[in-house]
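What follows is a group of structures, each given as structure tokens.
The same chain A turns up in both complexes below, where it pairs with chain B and then with chain C.
For the complex of A and B:
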């Protein structure tokens, strides 16, 4: 079976400290950059989700011959919220009459994948996954299987989630309710990330995606057992993992509990470095790619990083109702 | 009529998100689709909704739509002759 490589990456996210001088790759002035890439006529109907998706996609496929791209896969937890808000608002305000077609057309989750395909003239496989916090991993899993099985060779895979005024109001209300019951609140940011996955290694190859697994909410395995089983499946022990990049739907750190197997492993909670959104695991993947490439993290963003170790195997863990694990290997 | 044309230009800019276009830049006789403003089929749908919502005009025949959406001039003339609002 083929190996699966990640050959390009581009993300745009909001960070807790946008002025972080050492992390220039974290800063994105989305409207200005997007307007440089696209004409005003092309962007006038695009919501922020579409603009973020287009921006990251164009950056990611920059070095590619468009004809070599076999498809586009997008994960989005909540889809195009801004246009959904507009459409629903007009239904209420205008008693279901005089509905504008643009927000209706663009309110669907697959708007982003469709717009990217139209822009780069890609007529290949086009799929959108909406699976909550593991929407991106669902898209990656689809791509991974297809590339492994040689059904396709090169795929653009990404995720995007945006905020809207109404979603902020709803999230705030949920947060308030959540705080009363001491459960977790909701995400309060937005972002996107796109990656070129291929079974062909080239000079741009950043890493190999060695394996990916998504564990259903009904699994009886504990999170630690899931991780250990995943590593065993790949003939690896906990000691052979150089770093774990993890995030959690809950505010609790899963590694605070008795995960004795990973005491010596560098652990990075990526959600301390990015403003959270449902598919923020794209940031974790980008962070892991940078760690493999640069072999270090900026000091401020590596609270648990060990001194001078080589990073070759990195595990990305996204904990929540459903857990996802991605194993990256340096190339 | 001049007042209606100016009103139409403002409404079209707002409804179609023509952020880079000003009222003064839209000529009365210039084509709205193709070479002029460069509008497309989704814009035609938006204009149809706008006519119904703001002027009480239902455009059901695509042939009529093609004629009245030619320019601001033709659109204003049709509205002034057929408006119910």
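For the complex of A and C:
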């Protein structure tokens, strides 16, 4: 069986240091996209989700010969919220009369993947997953299987979720973002991350994705047993994991004192380092890749860093209604 | 012999029937289900022609039982009805150790839009909009303890869900999966297609020279797929095989297809390659055939390009059900399997006049014929083109 490598990465997110003291919501400040494939007019018409997707995609495929890309997989929990809200609002305000089709056309979840394909003229596999906080991992699982089984060789895999003013207004009435901001200190935000996955190693290879698993949190085994079983399947024990990068839908710490097997493992709660969005696990993957590459964390993000050993095996855990585990190995 | 993907269960609900048997009966009788819209209030009610499932949400909930969560989307209700039938046929009582992959485009928009923009300060109602919420409710109703995810690639969603399920089996990650699609009619999609001027004010006429647009529909279609390896341990009737699947992108335009149907051509060609079949092996094509000017012309062009002078009998069953968007490939997968079982290619209703460029004719009447391999197309917004190939129970042995 082939191995699966991650050969490039690009993310755009908002970080807590960009928050102001009152902000329950924080939009991503996206750099201007300058690319010969894009006219300034073209970017003006794009929604934020498409823009973030295109920005990260173009960066991620920068080193790649476009002809070698076999497809594009995107995960998005909420899809194209801005255009979807816009069309809903026009239906209500204009009472179903004289509607502009543009927001409807751009409202489908697969608009981002479709627009990337259109831009870089990619006629390959084009897939969009949408399943809450495991939307990205669903795309990763599909890509992983295809690369493992040699169905395809190189795939662009990413995720994107955007904020919309209308949805912010609706949700603000519930005060959920505000109360979450109070408990976690983290704003509700948006973001994207795109990665080049391949079964071919090259000079840009950042890591090997050794395995991935997605399973519901309701399974009878405790989460720790599930994690240990996943490691065992990969011939690894808890001690062989150099760091765990984790996030959780819930505010409580999943690595409480009862998780005895991982007492000594370096654990990084990535959600303290990024403003939250449903597919923010792309930030965790990028962080793990950087950790493998630089062998150190940026100083402020090392709450439990043990500092003594090098990083070779990193486990990314995303806990929620369904849990995901991604095992990375240094190359 | 390599591991293969067998179909052991089918379940569906559409405008032409509440289960597979009723759907088959309606097809045989050439009974379509296109009528004026009943259940959604507003400008289109009692005016616009749609393929609507006869039951109201309340009636669907009554069929499903008291465990249905409050304010569940119609998409999830339709899905649960179809999924339960599929599981029952496969002799599965609880969907344990069985990933569920839902293809949907509308998701929970149908329930969300009823309250927008006044969401009653109900966070659950807001959450219902998410595509992933409809699969979550479905999984809950089926007692799932395995991976649950959704694919949302517009009108090809269910085909891609079926293909991903097959991939889980072929990679050894699952012995069996529940896969398919569901989409409810919604004010959002009806107005969307209306704003694009793609809705016909008459009964839709796929592949007819005088076609003038589509009728939207709703429904769900689900399959139980099982690995032939695992079926060696627990033998059960096999309804057919999913022998090939593919997805390609047209990379031409967000909503219309390229002049030569490049994406459609690639999807069909690659699906044949994955099934190790030549075009000549295909005995019937269940076409995407939405009855829009653009789709039918470009799909026919792609069929001509691939099959050349040996065009198999083809038809679009959207003349019966309307275009059920993200559910269509799940529903039409079952029609493809029925064609295999009954050795019958289904009539393309209301076909009268041959298109020009290309001058391809669908089959105007039911055609009994030897069918070993059926090809089913589904194309969607975003240039998404998918093809599935189903093969007869004896074809692999």
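In the analysis below, the second predicted complex is superposed on the first by the 293 of 331 C-alpha atoms of A that agree within 3 Å, B and C clash if a C-alpha of one lies under 4 Å from a C-alpha of the other, contacts with A are read in each partner's own complex, and residues count from 1 in each chain.
What we mean here is this: a contact is a pair of C-beta atoms (placed from the backbone, for glycine too) under 8 Å apart; a residue touches a chain by one contact, two chains touch by 3 or more.
Bear in mind that the values here come from a model prediction, so they are computed numbers and not experimental data.
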When chain B and chain C are modelled together on chain A, clash or fit: fit
Partner chain in contact with A:229 - chain B first, chain C second, else both or neither: neither
More chain A residues in contact - chain B or chain C: C
Touching partner for A:166 - first (chain B), second (chain C), both, neither: second
Which superposed partner A:331 touches (first chain B, second chain C, both, neither): neither
First, second, both or neither for A:113, with chain B first and chain C second: second
Contacts of A:42 with chain B and chain C, given as first, second, both or neither: neither
Contacts of A:101 with chain B and chain C, given as first, second, both or neither: both
Per-pair minimum CA distance [chain C against chain B, superposed on A] in Å: 8
Intersection of chain A interface sets (partners chain B, chain C): 97, 99-101, 105
Touch list for chain B against partner chain A, complex: 15-20, 38, 42, 45-46, 49, 52-53
Complex interface listing, chain C residues touching chain A: 42-44, 105, 107, 109, 113, 116-117, 119, 121, 123, 126, 130-133, 135-136, 139, 144-154, 160, 164, 167-168, 170-171, 173, 187-188, 191-192, 194-196, 247-255, 262-263, 266, 380-384
Residues on chain A engaged by chain B in the complex (per definition of touch): 40-41, 44-45, 94, 97-102, 105
Residues of chain A defined as touching chain C within the complex: 71-72, 77-79, 84, 87-89, 91-92, 95-97, 99-101, 104-111, 113-115, 117-118, 121-132, 134-135, 138, 141-142, 145-146, 148-149, 151, 166, 169-171, 173-174, 176, 214-216, 218-219, 321-322
